[in-house]
Every structure is written in structure tokens, then in C-alpha cells.
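Report on the structure given below.
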Amino acid sequence: MAGKPIEMRNKKTKEQLENLKTQVEETLSQVDFVIGYAKGYDVLHPTPLFVRSTKDAQALIWDDFCINNLATYLPSQKRPGGLFHPHEKIGLVVKGCDSRAVIQLLQEGIIDRENFKIIGISCQGKVDVKKLKNRVPIERVENAEIKEGSIELTVDSRGQKYPLEEVLYSKCLSCEYPTPLIYDRLVGGEGSLRSKGPKEFAQDPYHDVEEFEKKGVNERLDFWEQEFSRCLRCYACRDICPFCYCQFECIAQTRIPHWLSQKTASKENKFFHMFRAMHLAGRCTECGECERACPVDLPLLLLHKKMNKKVSELFGYKSGINPKLRPPLIIFQPEEKNIEEEKWE
Amino acid sequence: MSKVIAVEKIDDWLDTLNETHRIFAPFKPGGATRFEGYQRGKELDLERFAVSSPKEAFFPATETIFNFKLGKENVSETVVSLESQVKNQNQIVFGARCCDAKGLATFDTVFSGSGYQDPYFKKKRNTTLLITIACHQPANTCFCTSVGGGPADPKGADILLTSLDDKYLAQTFSTKAKTLLAGSFFTDATQKDLKEAKDKNEAARQKLKTFSVERVSQKLTKIFESEYWNEKAAKCLSCGACTYTCPTCYCFNLTDEGKSTGERVRTWDSCMFPQFTLEASGHNPRPKKDHRLRNRVNHKFSYFPTQHRMLSCVGCGRCIRHCPVSVDIREIVRGVQEV
Amino acid sequence: MRIGLFVCHCGNNIASTVDVKKVVQAGLKLPYVVFATDVDYVCSAPSQKNIEEAIQEKNLNRVVIAACSPHVHEETFRRVLKRAGLNPYLLQVANIREQCSWIHDNVIFATIKAIDLVKMAVAKVSHHEPLVAPKVGVEKRALVIGGGIAGIQAALDIAEGNIPVTLVEREPTIGGAMAKLDKAFPTLDCAACILTPKMAEVNQHENIELMVYSEIEDVKGYVGNFEVKIRKKASYVDYEKCVGCGICEQKCPSKASSKFNLGRGDGKAIYISFPQAVPKVATISPKHCIYFQRQKCRVCEKLCPADAVDFKMQDEIVTERFGAIVTATGYSLFDYSQYGEYGGGRYPDVMSGLQYERFLSPTGPSKGEIKRPSDGKKPETIVFVACVGSRDEAKGRPYCSAVCCMYTAKQAILTKEHLPESQIYVFYIDIRATGKLYEEFVRRAQEEYGVQYVRGRVSKIYTDNGKLKVRGADTLLGEPVEVDADLVVLATGFGASKGASTLAKKLGISHDSYGFFTESHPKLKPVETNTRGVFLAGACQSPKDIPATVAQASGVASKVLGALSKDQIETSPLVAAVDARRCIGCFQCLGVCPYKAIEEVALNNGAKIAEIIPTLCQGCGLCVATCNPGVISLNGFTDNQLISEVEAIVKG
Amino acid sequence: MSRGNLEPEKEPVKNGTPPKIIAFLCNWCSYVGADMAGTTRLKQPEGVEVILVPCTGRMDPLFPMKALVEGAEGVLVSGCHPGECHHQDGNLYARRRLEVLKGFLPFMGFEEERFSYTWISASEGKKWQQVVTKFTERIKSLNGKKD
């Protein structure tokens, strides 16, 4: 990784930020507010920004840590208990992986296309803060910069360098859609639809699922038993998910129906995560926000990637790609190509 | 009384304590550091910040209050068995930070203060000793000094350890604590040790940016109807990550599980969930997430202080670190003063 | 919550492999069970009385009955609760007979299982809520689909009960298959003579509206409130004006095969099916009409004295409301060309039973004279082959078509009368002659008319210099047989009528793999279907002869009159309902409902939620399983009820 | 006098006890098929306990999931054959949802054999007997492996 391309990367990021600000300002005339990214409590944690004026737009940022899937705010627009009013128009900054969530929400009909404007922005891969956390006490980070193919963090005023492919999100390493699939405006890379995204680090997206599937059944049972004993049931994974829009009515907390108790025993936690995976089958677009939001670092994306792998094997369906398709589990085929009836002889 | 113990003796000291006490200490089981039961050979993690505070030792996420067996013919035959629940066993929480210990003051006020005495909490609280470690490397989200605390504030702790490179200075702040410092692991502390500890703690305090929160409580009551909360809550997801990792959040839910025989269970609850205030009629006094965020901030900085004359936020920064969208309570509190 | 448990011995059907006393003792320990007892025959009248008394004395508000399958007596026990003043749906039946005592030998394990089944029933009933069957208004009109003898008889009997009937027939005339028959067994009276008076009666009956050359387009709604779209096909002749004089048919220059004569004998593009057709009107078949094919001719239009021909006619869709629907769509003959080995469809002198019937009939192509279609000569040797397309596993037709043995014997007798010196053979497997005077009729054919019955299947029919060689076996003599025949009649069996499965889909009724409609219960409810308000009569349900068809038609009429006699009908309360407070408006339920029973409703705060129309809902529960937040509950099968059954087993 | 009083009760033979299996049967086809197996006295292992559902369309995949997580040894679901569903397409939706569940359970540490779904019509009592017997065998062999 010669020095040259990384300067290119930072240069492109900066250009995109300027371009983004103008695009957001232009969009402001068509919507009530635009959701983008602003600086968070430290350099590693940008935070969603609700831009209502050009003054607000100055606080917009765009860098290698802007990871939030802002599409999670769209469904709240329609729900009776949601914060926004159904007729309010929203602008949204959307990366490639987030655009799949927008398309899947359109497929499910929970959002109306004319109520929001998409500012698509092509992406070069984002740094996974949890991968940094395992290497250095990120609570005391002062600065972070991309230099010569790796990221340099200054913590306790000492610099530490890590190669990019070691710290990018695993979803970025196998990203197929660096450029958003749906947008009203596109920032950065107007010309080439396929900007030079993180394809160069390409990895098979489901290699971790296949690794896990090779384990013995008892080993898998114990693994989940161990993991789910740590779950606090704070529901951050559910509440950040763009498709868990029945959040305020979720059966994890209801008594009618009374599927599980609020006890944090591993068995109850396991059932919560299993039924959430079932509810997301053929819907989850693998944005990985649930895993990022989990305070106790449970490997939640693994669950949903397994489900998506099964759905694509059975129905050849990939979520959030084609706005015209109906999600697979609310339709059927009279003859299913890949499902044979079990033989009992 | 203050003594000194060498760093490599800590494990042996914990082993001897482990024979008579059940020890809670921060370990790194999977991804995140968490307070768990001590076992020989399990590697302590004193450097990283534990995800949820040691409140679990006194106020577990799930606790059976009692078992019951409904009488068939009439209610008088109902049998409720209490005693089996609370095993009284001496506990030690080792490796907490000063803000965690200070957080217990909130629990003491609520569960064993002047009003209702919670037997479950009290039994654990009275049989648990707290050994905290002065915090020399505060995080960029820490603001204990802004809410009346400090990296080495001994409030709530039985023993405060201060790291002096290869050894720890151990100071006791309760009579029971003295018994723990017996044994060959400890040597008497010298004035030089005390001075060095004092300097280190002062240096740590300087690292922290302090802002003032005075008059916040009154200002909060004034801006109750302001649009301020709608803006601040716009990005909030209304999940429970902040409350479940917060050292001073003590809200809980009571549910009966099982049919005619079963148990009443106390589990953590969060004011950020809509179900927290959902009434049987279906009405919800706090239906929207801005109502709920306003309530959480007001509770910490206005309602609780008005009632108990002490802030119920200890500035540990967990609600900031673990918020999936980085809602920053410091920014909200400072913003209140300017509205 | 006070649950009463009644465990049945069922004589020794249950007690033989289930320790009933032990089940009662175990039952008493279960949550909320305050009373438990065993009963010899819980469905018997005295036992029912005892249960009513126990409910009152012990002040029970839930009842579990451990006995036979709910499919047998659930209704009976609901009436017991009703008589005892308890809501009938506060009941759960545990099936400890068909699904326990009868299928196990080991007493210990069978008893453990019976206790588990009781545990599940007790757990479920503790979640039951009182339910009230909603009442709906009734449209006092009946729809009969199919104008054959079944439809005619049903329509007449219903109309006699003072209920207006609409009789829809796909062909231009009613009469169906029976109209094509020459004589009917066993009385040999002329089929047309006994049928045409009924057809006339239908035409003149003031309570019957006849809609011929029309088909069912779409059916919506439920018992008492069906909304049916009927497509009146364009006949290009105005039925009001046409007087049936037949000039158009005589002068029409086109060439067509007569559909009425099943393709044997020629017909015209504009035709009146048969002389006694009701209504006696002409119809144009565009496929054969020279004007439609080459925009020339229009002879019929010119010559029609009543000026009834109208080439610009279009299909017309009529929507009508009915309280009950009777399907009497009859049957179609098995396609005998599938028997290549018999030369069906290849040799002109090999024909189906109904085609031969047309040859026997004076209105048939040969005016009742039996002639060989190939050369028009009088046949001397005629062979009848029974069970063609019936009782034949290989051709996927294992069932017996019930009437072929009888019509074969009839046709043999008629042929003997027409050609006294002809020699007739009948190859058969078994003679099925079960009706009144049927056996005597077949014996007459054998003894009086000298028809030679050969017991054995025909293996091959082939031509040899103008003669049809029929090779078979005579299993009684145990030797092969070969007959040189001039004419072969294949006694073809019954199949479902064309388009039966599409009609079933529209009506929401099911059918078996051969296309015959499925009755609610083969023995106890032969004329009803599982969809309330939709009834069956005649061969569309299964092959049967005219007496059985007429009996079923009158039976179905009584069912319809019974259903429509009340001003209001109770529909099942086991339907789904949306909790309006919790619905998030994702409408995935709306997308899956097979009965289109869910619609979008706006709340006053502008939010849109789903609402289920209770009368359209059939309680399948698809929306409940699709609703992720669990906002829809299905009475009788709510999530908590089913979860409690699971937990009763798994959590012990 | 009914044969109510049976021979003195013996302690159930532990290893002989058939595994407990929960079976969800649809009201219109499979439940009737199971009843038919009863009326024709087709003997079966004693572990299968039937829960009646109005249609396989009612089968929320969470029910088998809940049963297995709570420790059930095996779960079976059966409904009308595709194309013959009394409610038209209930089983066609169920087929997809249950197939996805079947593929997901092993990932969570449940042996693949513990959950199965099949189609049994009202006249297939014989096939139901075969399904129950075969499934119980499979679960027994699993338990054999375990302890």
C-alpha cells in the first residue's frame, strides 16, 4: 500500500465533505430537516446530526468513523408513537450499506418514497472502533489519522499504528455496494458509479458463518449459552435496527403475548435473540449496527448473516437490492424450487 | 489506617479473601469487561472500564423475590416462601472505581434510606465490602469532578487502593475494612507513600475538565415544556443501554412468572422504555422519546437532588460511551444552562 | 379460576390402556383444577346432566373433558356448558382416545401421556375467554350452479320452499348429461320424457331465474352474504326475442361437429342443442361461424323472423347477492383416447358409452338407427367393454364410477331391441348393480336378451380387414378369448367436470386429486362442504346414478331452506382481531390474508392501522403468525393459549 | 365393570420411556389423519403429544423455537399437502417459514433431527404412524448419543 493512494483517500474524504455540505443545504429547501453526521464526544464516535438550517450544516462531518445507519430514523416517521409527524419530510445522508436498508424499508411499504430525500455518498470503508478497543484503551484517544494504508491513534500522547485491513468493519472488507443503490443526489464519485471502495480487501462475506457452522453441535450450544449469559436485555440491538420498527410493541416486553419473562437468564436472552433473528429473516441488510450498539459485545451479526445465508440459499433472495421485490417470508411459490418434502421411509 | 501491598501479592490476597467472601471483580469474559465472580486464575482487568457498574452485586439484573403456590379453594391457603431467596454470604467488590462506589450512595438513599427499607438490598449491602482503586487514567467521557466527585474520592468505599507503580497504598474508611488488611500481605505505609499517593491523585484530578452544574436543577424545571428536549432526543433510540450500565439507575420491574405455582421476580427496568410508563388503560404519560430523555436527565439533575439534596449522577460517562448514537449528557446539561 | 376435569372411560376404549383413576388424581394436582372425576361415557345424556350439575355445584368457570377427539363431541360438550349457564367456549377437550388409548399398548406410558394431554388442556383452558358468536343478516336467495338433473331438482325444491333461486348453466340449455340419454335404467323410460317436464317447470317457476350460457366469475363473502359475479357469455342471439323456430340452423351454411352429440354427427355454427332444449333458443359459436371467421355470410341475421341475431353482443358481468350456493356441476366422461390399446379415438367404430347413447337416441346423429360410423352398415356383433377409465390404478383412476355396469346392460338390451339378431358381448370385472331392481335388470339382459357376459379384461382391440378384433380373457373359463366385432362400446367412467378445480378455488372449497369436490363428512354430511353456506349435489361430489343424484338434490334443498329459514345466522366466534392500540400499521397481515378480510382504517390522529372484518375472517391464523409484534389474536388459538400448552409439557 | 383397576402400578421403565415430542397438527388434514390412525388402531410410540392449530398458516416459527429452547426433545409440525390447504395458502407460507427455521436451529446448537415438518392429509393415517415412529427413533438415537 504505497503512500500515494492514502493521500488520495483523505483527499477524497475532504472533497466529499465540502460537496456534502452544499448538497445538504440544497436539500434543506425540499425537506423539514436532513440527518447527517456531526463530531461526537471523541474523534472515534461521530453522532447523528439533525440539520434544520445552513448554520447547522456547518457542523456536518464526513470521515472514516461515520458508521451509523441513519435509515433507522425513517420508520419512526410513520409510527403513531414515533417522534416525527407522518407528514414531515426528511433528508438522509446514506452510504452504500445503509441504502440497502432504505430499499428494504420501501419493499416493506413502511415508508413512503416521496416523504424523504436521499443524499447518497460513496464510501471507502469505515474503521471498527471495537477492533481498536481490543488493541488500545480508546477511552483516552486524542487523535486518529489515516497514514500510508494504516490508522494512527494518539492515546496518552503516544502514537500507535494499525493496518487498515485489520481495523475496518468486516462488512466493509466484503462490501459489494460502496456506492448507494438509491439516491436523489450522489456525493463524491458523480462520475464512476463504482468508486474505488474497499473492494481491494475483498473477503467472502459469509466466511465467519461457515467457520462457525463447522463446529460440533454441543460446541455451538455452549458458545451461545456463554455469550447470551452476558446479555443485559437493554434492547439496544433491537432499537437501533431499521427493521425493528415495532420496537415500542415488541413481544420481548409484552405479557399478551407472553413469550418470555424479563429474567436475564441465558435461556431467555437466547430466545429473544433467536426470535429477533427469525423476525429479520429475509429482511436484515447486514448493516451490523446491532453488533456495534451492543454494550457487552455479543456477536449478533453472526446470527443474522446465518439467517440471510439460509434465505438466499432457499429463495435466491438478497435483502434491500430490488425495490420491486416482496420480502420472501410474506409471499410463497406454489412449487418451491429448493424445498423438498422430507422422506419418511 | 493505611498500609501498602505489592502488586504481585494482590492475587494471593484475593485468594485468601475468596475463602470467606464471594468476590466480584472486573474480568474480560468476551468482548467487554464485566464484574463477575472471582475464580482462581481468571485474569483481572483493572485497566479497562467495566461495562456495567458493580451495582449488580447489590441489585442484580434478575432476583427472585419470593416463590408462591396459590391456594385452590381460597386465597388463605396461598403459600408464600421467602426465606429461600436471600443467601446471606459475605461479599467483596474488588476493583471498582470511585464513581461506582459513590453511585451506591444513591442506592443507599433509595433502598435503605429514611423511607421503605428493601430487605434484599440491605442484606447484600451490609454483608459487602467495597475495595475501590483510585483512577489515574480517566477517560475522555469522565466528569466525576463536575458532579462533586473525584478520581480518588473515598466516599462509599471501605478500602481505597492507590496505585504507586509496583505497589498499592491501601487506606481503610470503615471499621470492618480493617480486618481485611490483616495478614502478611501488608506492610505499614510510610509518609513518603502517603505523599506520593496524594500527588498522583491530584495529578489525575487535573486531567479532568470540570464544568459547573450549579443552578442546573432550577433551570431544568423552567424548561420542561421547551423544544430543547425535542432537539436533544431527535437522535436518541430510546433503548436501555444508558440506564442498564449506569451505576445510579435503580428502577426495577416486578413480574409474576408461572401459573398457580411460580415466583415473583424483580428485574431491571429503564425509564427510556415506553412500557415503563404504559398504563393498563393504554394511556402513556410519556409516549415520546423526548419525554423520556427529559425525564432521565431531570431525575438525575433535578428531581432526585430536590428530594435527597444530592445529585444522582456520578459522572462515570458510561451512558455516553455505551449510547449507540453517543447522546452526551454533559452536552445536554451544559446546554440546559444556555436555553 | 375454577377448572373442572372430567375424564372418560369410554367403556374400555380409553380405560383399557389408560389408568383413568390415575389421570383424575394427577388432574387434581394441576393449577386451578378444583374438581376432577372419571365418567363411564361422558357423552351420554346422564353424564351430560352430571356435568351440568357439577358446574353449578362446584361453581366451575372452566371445563376440561378428557375423552375422544374434539372433532367428534366438542359441539356436544359446548351445548352442555351452554345449558349449565357457562359460556360454551370456556371448554377444552383432551383427545385421550384416538390419539392416546387407541394407539398405545403400554398402560404406564399411555397413562403418562394422557396426564400430559390433560395438563396441556388445563393450561390452555386457563387462558380461554368467553366468546359470543356474532350474528349476521341472511340474504334469502339461493344460487344453483349447473343445470343438470341435480341442479334442476335442487332449484325446484328450493323454489318450492319459497326461496328465490338463480340457476346458472354454462351451456345454452339446461338438461346436462341426462338430456343426452335415450332411455334411463332400470325402468327404460325415455330420459327426455321424464326430464323435459322438469326443465319446463324450471323455466316457468316464478321463484326461479334461469341464466343459461353463463359462468361464475368471482365469489366473495360468507354464509348468508355471498356476493357473486356471473359472466353472461355473448351468445350473439337475443334470448328475449328468439322463439326457437330453428330456421337459422337449417339455412346456416357452416360445418361444425355437434357438441351435444359429443362430436359424433355434424352441427351448425348457429344451433339449438336439442329439440326439447330449455330455453329453446339459438346460440352462435364464433369458432365455426363464417361471419366471425371471414366477415362474410350473416345469413341467419337476414332470415331471422324475430330479428334476434346481434353480432355486436358482448359478455356481461352481473353481480348478485345470495345466502347459499349449491354446486351441481356434474361430471365429464373419462377421455377414452388414453386407452391407446383399445384404439379409442383412432377407430371410428370404437366409441364411448355416451356417444353410443346418442346413436340410440331418436334425436341423435343417426336418428336412433344403429349404424357403424365407418361404413354405415348394421353391426352384427357388438362388444361392450366395462371399466374403461374406472377401477384402473395404472390410469390413475382407482375408483368405481358406479353407473357404467347398469348403462352397459341397458344399452345391450336396447341394441337387442333395435337389432334382434345381433350378438352382444360384455367384458366385465364385477357387475355393480346395487340399486332397486338393478340386479334383476342385469339378469334380464343376460337371460331374456341373451347378452353374453364374459368375465375378464380386454387387453387389446385392433383392426383386421375391416373387423375389430377384441382380444381379452375369460377368467371363469381360464382361457383367452377373441371376438370379431363390428362395433365396440367402451363403458367410460366419470371424471370431474371441466373447470371444477377453478370453480372450487373461487368458492373456497377443496377437492380431491381427481377434481371431485370434498364433502364435509362422507357419511354424516355428504351434501355440505367445509365452507359454510356452500353445498354439493350430484356427480360433482362423486360418481353416482340419477336416483342418488335426485335424492342428494332434494337433500341439499332442505339444507339450503334450513340455512335460509332464519333471519340471522351465527358465525363462528373463532376469528382474529387486531388490538387497535398496539397496531403499528405495517400491513403485512393485509398482504397474506387469503380471505381479503383485513382492511386499512385511519385513526383520528391520522395514523393508519389494520382492522379485521369478523364475518369474512375464517380463523386460519395466517395474519397472527405474520404479525411480528403479536398484535393480532385469534380467539381459541391465541399465542398465550398455545404457549401455555407448550410450557405445560416442557416446563413440567 | 370397566377395566378401571389395572395391575399394581410399576415404576415406568426409565430407559424405555419414549422421548416427549410436541406435534402441531392442522385442524383440517393432519389432526383428522392422526384421528384416523387412532380409529384404525395403528400403534405408535407414546411420546408424541399433539397441539391442535387451525392451519399450518397459524404456525408462528416461534412456537417450535420456544419448545426447543425450553428443552423439548423434538418438535413436529404437520398440515395439509401444498395445494390442498383448506385455507388455500396457509401451508404454502408455513413451508417457507418452517424451512428457514429448520436451517437456523442447528446453528444455535440444536441437533438438526430435533425439528421436522411434513404434510399429512386426512386419509393418511398410515403415513402419520410412520412419521411418528421414524421421528421418535431419530430422537431416541440422539439421546443415546448424548448420555
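In order of appearance the chains are A, B, C and D, and numbering begins at 1 in each one.
Criterion: a residue touches a chain if its C-beta (ideal position, glycine included) is under 8 Å from a C-beta of that chain, and two chains touch if they have at least 3 such contacts.
What you see is a predicted model, and the numbers here were worked out from it, not measured in a lab.
A.B. asks: Any idea which chain sits dead centre by C-alpha averages?
C.D. replies: Most central by this criterion: D.
A.B. asks: Per the definition at the top, count C-beta pairs in contact and tell me whether B-C or C-D has more.
C.D. replies: Between the two chain pairs, C-D has more contacting C-beta pairs.
A.B. asks: How many Å are there between the centre of chain B and the centre of chain C, using C-alpha atoms for each centre?
C.D. replies: The separation of the two C-alpha centroids amounts to 72 Å.
A.B. asks: Quick one: report the Å distance separating chain C from chain D, using the average Cα coordinate of each chain.
C.D. replies: Averaging C-alpha atoms per chain gives centres 32 Å apart.
A.B. asks: Go ahead and note the Å separation of the Cα centroids belonging to chain B and chain D.
C.D. replies: 49
A.B. asks: Could you please state the distance in Å, as a whole number, between where the Cα atoms of chain A are centred and where those of chain C are centred?
C.D. replies: 55
A.B. asks: Could you list the positions in chain D whose residues touch two or more of the other chains?
C.D. replies: Those would be 61, 66, 70, 89, 93, 97.
A.B. asks: Which residue numbers or ranges of chain A touch two or more of the other chains?
C.D. replies: 248, 259, 330
A.B. asks: Note the residues in chain C that touch 2 or more other chains, in rising order.
C.D. replies: Answer for chain C, listing residues that touch two or more other chains: 592, 626, 639, 643.
A.B. asks: Write out all the pairs of touching chains, ordered by chain label.
C.D. replies: A-B, A-C, A-D, B-C, C-D
A.B. asks: Across the complex, what residues on chain A touch chain C?
C.D. replies: Going by the criterion above, the answer is residues 78-80, 86, 108-110, 245-246, 248-251, 254, 256-259, 279, 326, 330.
A.B. asks: Can you tell me which positions in chain C touch chain D when the two form their complex?
C.D. replies: Touching chain D from chain C are residues 9, 11-12, 15-16, 19-22, 38, 40, 69-71, 95, 97-99, 102-110, 112-113, 116-117, 120, 505, 508, 510, 530, 574, 592, 594-595, 618-622, 624-626, 634, 636-637, 639, 642-643, 645-647, 649-651.
A.B. asks: Would you tell me which residues of chain C are touching chain B in their complex?
C.D. replies: Chain C residues touching chain B: 31-34, 123, 126, 581, 644.
A.B. asks: Residue numbers of chain B touching chain C in their complex, please.
C.D. replies: By the definition above, chain B touches chain C via 70, 72-73, 259-261, 282.
A.B. asks: Under the touch definition given earlier, write down the residues of chain C that touch chain A in their complex.
C.D. replies: Going through chain C, the ones touching chain A are 582, 584-588, 591-592, 603, 605-607, 609, 626, 628-631, 633, 638-640, 643.
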